[in-house]
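As structure tokens, the structure follows; a few thoughts come after it.
Note that the chains take the letters A, B, C, D, E and F in the order they are written out, and that residue 1 is the start of every chain.
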Amino acid sequence: MSTLGIVKRNIVRADAAAVEKLGRFGVATIHEAMGRVGLMKPSMRPVYRGARICGTAVTVLLQPGDNWMMHVAAEQIQPGDVVVAACTSENEDGFFGDLLATSFQARGARGLVIDGGVRDVDELERMGFPVFSKAIHAKGTIKATLGSVNITVVCAGAIVNPGDVVVADVDGVVVVPAALAQTVADAAEKRESFEGEKRAKLAAGVLGLDMYKMREPLAAAGLKYID
Amino acid sequence: MSTLGIVKRNIVRADAAAVEKLGRFGVATIHEAMGRVGLMKPSMRPVYRGARICGTAVTVLLQPGDNWMMHVAAEQIQPGDVVVAACTSENEDGFFGDLLATSFQARGARGLVIDGGVRDVDELERMGFPVFSKAIHAKGTIKATLGSVNITVVCAGAIVNPGDVVVADVDGVVVVPAALAQTVADAAEKRESFEGEKRAKLAAGVLGLDMYKMREPLAAAGLKYID
Amino acid sequence: MSTLGIVKRNIVRADAAAVEKLGRFGVATIHEAMGRVGLMKPSMRPVYRGARICGTAVTVLLQPGDNWMMHVAAEQIQPGDVVVAACTSENEDGFFGDLLATSFQARGARGLVIDGGVRDVDELERMGFPVFSKAIHAKGTIKATLGSVNITVVCAGAIVNPGDVVVADVDGVVVVPAALAQTVADAAEKRESFEGEKRAKLAAGVLGLDMYKMREPLAAAGLKYID
Amino acid sequence: MSTLGIVKRNIVRADAAAVEKLGRFGVATIHEAMGRVGLMKPSMRPVYRGARICGTAVTVLLQPGDNWMMHVAAEQIQPGDVVVAACTSENEDGFFGDLLATSFQARGARGLVIDGGVRDVDELERMGFPVFSKAIHAKGTIKATLGSVNITVVCAGAIVNPGDVVVADVDGVVVVPAALAQTVADAAEKRESFEGEKRAKLAAGVLGLDMYKMREPLAAAGLKYID
Amino acid sequence: MSTLGIVKRNIVRADAAAVEKLGRFGVATIHEAMGRVGLMKPSMRPVYRGARICGTAVTVLLQPGDNWMMHVAAEQIQPGDVVVAACTSENEDGFFGDLLATSFQARGARGLVIDGGVRDVDELERMGFPVFSKAIHAKGTIKATLGSVNITVVCAGAIVNPGDVVVADVDGVVVVPAALAQTVADAAEKRESFEGEKRAKLAAGVLGLDMYKMREPLAAAGLKYID
Amino acid sequence: MSTLGIVKRNIVRADAAAVEKLGRFGVATIHEAMGRVGLMKPSMRPVYRGARICGTAVTVLLQPGDNWMMHVAAEQIQPGDVVVAACTSENEDGFFGDLLATSFQARGARGLVIDGGVRDVDELERMGFPVFSKAIHAKGTIKATLGSVNITVVCAGAIVNPGDVVVADVDGVVVVPAALAQTVADAAEKRESFEGEKRAKLAAGVLGLDMYKMREPLAAAGLKYID
């Protein structure tokens, strides 16, 4: 009955073209394009400056202090994937370091998003293997208890299904359901195309109050100017 | 009766020369010069390396998940101001991004200090618009509820009145009441002038124990040396 | 009866050659070589990018908001030492800044590890004086209450005895008991020598599942592959 | 495309008999019976001593500082339901108080589980309306932005689908998927039936080491007894 | 220049009748009556069940680990006062215990609100001396550094001026400016008078959707019902 | 070389009479009598109201998510002992519940102090088995990895050696080294004998300012009274 101890081999990955298109936009834009959902908690941070990821999720459910399933996940990685690791309880141990990164990179992984800790951060940067985590911790882990690979997980507050698109940059991590990838990519493009004009107006000194026609609703809400 | 829904247009800004003088000192020095008060909590951090701000406060009180008043605040900015944003409850949503930064910068703002989250951090760095916040979060906000502009606020534990001087660097954020700006600037200058001599002595191997004449009070307090 | 108000002058420092050897390895490797113990909590972070420390501990027990004992500790520093500062209760005040750093550096200290806050971070970086702390905070401290120097302390969850080896890098901070320094250095060397071969195999696409012979124990534990 | 702004009226609730049976077991037992999954984070606590809930989930997705959807949810409550409220970002405002509790209770709700704050706690206790939350906070909320009702939500780290069984007691909150309710209830019963015998043995002084036959595996793992 | 080292003896306390009237309402009601401002952070909790306070503020600014100013404050207490203690930095030491409570109670104090820790909690309950704090901690404090008494302080995020009304119950702590005490008390009374009718309707099964006429604005906002 | 995988059978427990004497005093008094050291962090709280412990420590070092060593510890318990459990990294899983409590109680244990989570809290209260922990969490643990029993541990920031006296009440948890038990008990008695007189004076309205003769040192420190 449990969802532990399972590895799903065949997963439906989001359309490759849609993934590539999503990769051209920032996390904030994609999250807006989705209707303001899909973000992980802001505790998820890049382990080195400039890290950025866009790819399809291979999910892992870990046990606290145990990274056995990371090795099981490695085999399921295909080029263009991002490993998304959740844990059955809060734990900041260093589940991942340069050896696993070498293996993931060799399999074609584009990065790791983990609701836990990682180590060998300098080496990860040298390798150019981007990681987003909630902690950096040298603490090693064991290989003793089963979790699962490619089941639905909750990572840092977001639901991630295997095959979903995961985009991560300095502003955070967003998850786009595989079936919505193209639609969201198109919406993000549209949204971004509007921003240039707005930016130009604001740079020229036009106020948002006027550009967005906020004066009337603000007055209606009761805003009072005093001297 | 409420302090919500108010925009104060005419505020008394600290003397411009005093502000410029304060800008030459670090936050730690200014805080010491004020008698060790006026600091925000250490959870307030620069969103990019090297960010530094010194200017006069335009204050904003936001509602959680709502950045409507940021647009109202934009109109109140004068060159040399710093926007200081507080929130009626704890919230780390991304109240501020590159579009608002463009508008603030066009109005002459020198930066933002916000007890909340911001986004578009890479773009903020490219623009050279310094921000100090307690979180980086892509989460978008709405425009539905009134807060206030240029009222007294509590931002990250510090009282900020409109027109106060706000100085922010890698060591934190300090608030200098407008009426004290010149006095504090002078005290900071004096304090710093003493530091050079101390630094030289310490660098030469003189101990603080001797330079500050601590041996006697330490002995009086009962300090015991054992082997 | 209390352990407060004591300064121990003669401490047994770890063997210098062993310390130098430990300095060649990362924190994660040393922690593994010790049998996965000795780490401080992951809340301890370098205050500037690239900070790294390896040296012998001079320990300090501080009182909240009071850095008096830092000056007492300065006198006990010998070249190659690292000051390790604990506090009798949780406190993030800025116990340490550029003046104390100048003094410590003049005495030959290699850095500071402190379960509290520090300030003057930009200057610390310019000086090349590495610090690991749990906070950056401009808040000044007083000099009024006795703590101790060179007693056993708990710093960020780790027991530190004076003379122990402390190694800190981007992955965290590890404490090696003085008596074990050589053994741990040798074990770290051995461990690292094995990693090159593993890394090469993983880089070539060999899976950890095969390299570590995990398939059988995983199956025995009940792992199921589904499609 | 967004999942916001939706109310699903017809949901499939877990079998009533299975729900009642689950209500006879503690959260720890049910969680074990499910294979150690399904728990919310331990930050979720009862707002008064002795609170306990078992029922079927009506889910709500709130916006920070906004409880509009709670009123929408009220209409969807059927006798035996538990309202499970998540929020699009971290927020501890008081989304719920005695008036909403009166309404929910009148509709037959058995309690509320909310990843946010609540107020009127004394009145909730007097009414006998159990609530599990991560905060108690008098802060009022507005009614301005759409969320959703009866969509899949993540509440305190657990996935909750409308109709799932939610059990809450002093040990925490567990979510049982509707389709597994009977199986888990049976497994919980079985598990509990084994505990009596174990408890009697342990109470008589038999060691777990012997009862669970741990001595051999401990020795095999390398455990050493010293004097 | 500093605000430290000052004791203000003559403060203007809120009108006694208004204070008594405010004492009849809950914190949530008063906060709403003020326009949703004035609350302290939800980390402020009663140290024993059933604690409740209403009185006029005598304010204290403490230094971390130092409760000297509590003794200075004792002399300024008049019957009906509540001591409100802030600290110059985050600290959870036990600044207050049964001896100080005995002194405060003898002076007529109605309780303590402290953004720090307290101890002797069982004795406080036996004495019937209510305390709201952010921590319970046995850690003793020293008497070495000046703070201030009866200056404006920020306590748990709220501005408190000496003489303001402070009301605390299980839902939190609210601060009513002295000049607004009567107006807020009247508004709270009015607000509460409306609640009885609402409660009766909701208890009879009327939905908030209908009582508050929300259906139309919800539809206008785009809410969609699906089956 | 590691300290993991060890069980020390023969430990020197503090003198029984001294332990009983310490049991008559509160945690705050004992901590003061020791010179203000020995306290655990304030995050350690009783899991039920009224819990109180005094006994000699049997120490356990756990791995995250693993309670195997609890069973090993059970065998080392003698009547009058308190089990003190630390963990190699931060983890709030439910390492302990009613079955282990039954076993510990049968062996004569007086309670548990654990830097982790526990479950079956209602049953623990019914059994009268006091527990102090940093979390209540239903999450079950496995039995797969060695830790140690009766080695020196750091529990919630305090060093605990096997045989030390551990006293826990509503104010926190304090550790008295075995060799100091009698001295500390005597000092606590002496301290408490002084408190009665002080309390009587303060209750009679005498100010601490006068009783402790603080007026002169306050003036010397520069305290200013203003009107």
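Just so we're on the same page, a residue touches a chain if its C-beta (ideal position, glycine included) is under 8 Å from a C-beta of that chain, and two chains touch if they have at least 3 such contacts.
The shown structure was predicted, so the numbers you read here are calculated from the model rather than taken from an experiment.
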Determine the set of chains touching chain C that also touch chain E. B, F
So which pair out of A-B, B-D or A-C basically repeats C-E, with more than half the contacts the same? B-D
Whole-Å distance, C-alpha centre of chain E to that of chain F, is 31
Averaging over Cα atoms per chain, report the distance between chain C and chain F in Å. 27
When the C-alpha atoms of chain A and chain F are each averaged to a single point, how far apart are the two points in Å? 42
What are the residue numbers in chain D that touch two or more other chains? 36, 39, 88-90, 92, 137, 139, 145
Of all possible chain pairs, which ones touch? A-B, A-C, A-D, A-F, B-C, B-D, B-E, C-E, C-F, D-E, D-F, E-F
Complex contact set, residues of chain C against chain E: 63-66, 88-93, 137, 139, 142, 144-145
Within their complex, chain A touches chain D through residues 1-4, 34-37, 39, 41, 88-90, 152, 154, 157-159, 180, 183-184, 187
Given the complex, residues on chain D that touch chain F span 26-28, 31-32, 36, 39, 42, 45, 169-172, 174, 195, 198-199, 202-205, 207-209, 212, 214, 218, 221-227
Taking the complex as given, what residues does chain F use to touch chain D? 5-10, 68, 70-72, 74-75, 92, 94, 97-100, 102-103, 105-107, 117, 119-122, 135-140, 143, 145-146
